[in-house]
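Have a look at these structures, which come just after this line.
Each of the next two complexes has chain A plus one other chain: chain B in the first, chain C in the second.
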Partner chain A sequence: MQAQGLKRAGLPGDPGLWVFILADMTAFALFFLLFTLGRMGDPALFEQSRLALDPAFGIANTLILLTSSWMMVQAVEAVRTGSRRRALLFLVLTIGIGLGFAVTKIVEYAGKIQAGITMLTNDFFMYYFAFTGIHFLHFVIGIGALLVTLAKARSAPMDDGMRRWTESVGCYWHMVDLLWIMLFPMLYLQRLS
Partner chain B sequence: MSAAVRHLAATGPWALLVIATLASGWLTHDLTDGRWSTALVILIASFKIRLVVVHFMEVTWGPRAWRLALEIWVLLATAIILAGYLLPSP
Partner chain C sequence: MVDDFRHVRFCAWNGMIFMAVFILFWGVMGHNIPPWAGDLPAKVVADWFRAEQNIIRTGMVISMTFTVCYCVWGLAIGKVMRHVTGPHSILLELQIWGAGLTVVPVLVSNSFWLAGAYRPEALPDETLQMLYDLAWLLIDLGYSVTSVQMIALGVGFLQDKREQPLMPKWVCWYSIWVGFMFTAECLMPFFKTGPFARQGILNYWIEFSIFFIYAPIITWYILKAIPRLEREVADAGARA
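Up next, the complex of A and B:
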């Protein structure tokens, strides 16, 4: 009954997914609080550690996720209008562009580990690796869901079920984007005040 | 809304998101006042999240309670980081 109510009101995707999205975002708000309290406790250490991060990676990753999200909006619209060819094209673009995030993240992690920086280095890097790692896990799940959507879009009927599935995956993918939008300035750009 | 109109409707917010991201990068390099430029960068991030919620996730068309919940999340996340940054350390 609740699902019907949400659908009538026009929220895209599956209502259950929205409960998950809100719960997940709440967990990340708690992460922001933990990091902020840690930073308030030792701002000098957090500033010194932050300077070891390259904001260029953060900017590149933000642009990659934003552009991938934009492609996903087009993919959802293609499924809604029943255009299989456009849906396949934009899903491939969403995944292809999105995978750039994995490349830059792996390069960035490898650079840190080669420089001897790990989760155990200090509190800043504990938060950095934990929060970006959890976010990366979300990203990997998102890529998996997008690959399933791509497989479905090749042969499944472009019906209401397919529309709801694609909208749900799209909203999850936008959440991955949205969380990174706040993680990036929090970790990389907060200069010592 | 036709597919072409919808395509354009998503392109404007995307362009704005890209510009806001580049502006954040510029603010961290070129301004000498780290305190206020950082505060501005966090506010820009908050604005970007609202753009994603409204234009990509399409929460505008959903029930008011869900939009309110997401708006509160954006406000809360921004307030936590901004207050922690601007308030003096204990």
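Up next, the complex of A and C:
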């Protein structure tokens, strides 16, 4: 219970990390704006292209990331209370469930490419592949950070440094989740009004 | 051996010298703010090379001459960074090598623009367009060496245990983010129009803007760190 009673900062994790998160969210906000402008320019094409996406993949990915994020919350709480076994368990669950996102995304990309749809097909798919691709890169980095956290949680002391690290990775992982929650309706669900 | 900071300030200012020269001579004289669009006919680019060959030559010659300032700047950052990471850290070396290697794509791409301006009257339009394209492909896709510098710098300075770090944490994370954001350049060769093209809102205006903001911020904090380190070194010497 070494971590109990440690002084808590206002922001979870490394405060500087929030600059990264804010900058990244701003970049994605710009992505969403560009997509909206593109859609306004050719609504019929965007609607027709949107119908080629299977929302089942989007729903599955949303549930996967939300569940994985929930496990991450438990892992952070375990580190805060100094419970190494629980931290390890929930980190493994976070990673294991999270990897399901990679599986569905690869299956979805492969299906599109086999159907002859690439980011050069039209503007909608340019945005679709570019934005989900950049998001996927965020996901891969997140998995890497989680694996490092898992390695640390096996032997590193459950001290303030470990708490800050795990909270930082947790914040990043929630950002990956949040970005997807915004990408999903924009790409898969937004109908022609 | 006492650490010597005598020339480090000047070397740190080299980052600003690089930026000023790059904007004026590569950007303005080289018609790179913004660049010719990727979907323009070859004749437009070729006519520009022929009409403004001496302006382009001057711009690129001066830009190439001062490109090395980026490497000098990286070494100044390294001089400060070693007081955070220690002299044997791989992060320190990655930062220095990243800055040093950034010179290569800038220098070589500048030489392609210069080659286009060297004898444009003797070259067909498509060849001149190819030189222009080649230069832009290299300067954009050479991003990874600069990303190495930025990420190593950010991660390295994050290790600072001082109560008031030499480089604020937010700057470290901003550095990591900029290095990471450059990966969007990978999309540039696939598009001649739109946000990912070389003249596009994302791959030109945003990417170059975050870099142009980045360099002055780093320089500012390096210049602020130098007198602090001089005092630290002097105090350590007095105690010894």
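Simple rule for what comes next: the second predicted complex is superposed on the first by the 184 of 193 C-alpha atoms of A that agree within 3 Å, B and C clash if a C-alpha of one lies under 4 Å from a C-alpha of the other, contacts with A are read in each partner's own complex, and residues count from 1 in each chain.
Just so it is clear, a residue touches a chain if its C-beta (ideal position, glycine included) is under 8 Å from a C-beta of that chain, and two chains touch if they have at least 3 such contacts.
Because the structure is a prediction, the values reported are computed rather than measured.
Asker: Residues of chain A touched: more by chain B or chain C?
Answerer: B
Asker: Looking at the overlay, does A:Leu178 come into contact with chain B only (first), chain C only (second), both, or neither?
Answerer: After superposition on chain A, A:Leu178 lies in contact with chain B alone.
Asker: In the superposed arrangement, does A:Leu120 touch chain B (first), chain C (second), both or neither?
Answerer: Only chain C; A:Leu120 stays clear of chain B.
Asker: Return first, second, both or neither, reflecting whether A:Leu17 touches chain B, chain C, both chains, or no partner chain.
Answerer: second
Asker: Which partner chains sit in contact with A:Thr81 here, chain B, chain C, both or neither? Use first/second/both/neither.
Answerer: A:Thr81: touches chain B, not chain C.
Asker: In the overlaid three-chain picture, which partner chain does A:Ala130 touch, first (chain B) or second (chain C), both, or neither?
Answerer: second
Asker: Going by the contact rule set out at the top, does A:Gln48 touch chain B (first), chain C (second), both, or neither?
Answerer: Neither partner.
Asker: If I apply the document's touch criterion, which positions on chain A are contacted by chain B in one structure and by chain C in the other?
Answerer: Overlap of chain B and chain C footprints on chain A: residues 18.
Asker: Which bits of chain C are touching chain A when the two form their complex?
Answerer: Per the touch definition, chain C meets chain A at residues 158, 168-174, 176-177, 180-181, 183-184, 187, 190-191, 194-196, 201-202, 206.
Asker: Mind pulling up the chain B residues that touch chain A in the complex?
Answerer: Within the complex, chain B touches chain A at residues 3, 6-7, 10-11, 14, 17-18, 21-22, 24-25, 28, 34-35, 37-38, 41-42, 44-46, 48-49, 52-53, 55-59, 61-63, 66, 69-70, 73, 76-77, 80-81, 83-87, 89-90.
Asker: Touching residues of chain A toward chain C in the complex: what are they?
Answerer: Residue positions touching the partner: 14-20, 23-24, 27, 30-31, 34, 119-120, 123, 126, 130, 134, 137, 141.
Asker: Touching residues of chain A toward chain B in the complex: what are they?
Answerer: That would be residues 5-6, 9-12, 18, 22, 25-26, 28-29, 32-33, 36-37, 39-41, 43, 55-56, 59, 62-63, 66-67, 69-70, 72-74, 77-78, 81, 83, 170-171, 174-175, 177-178, 181-182, 184-186, 189-193 of chain A.
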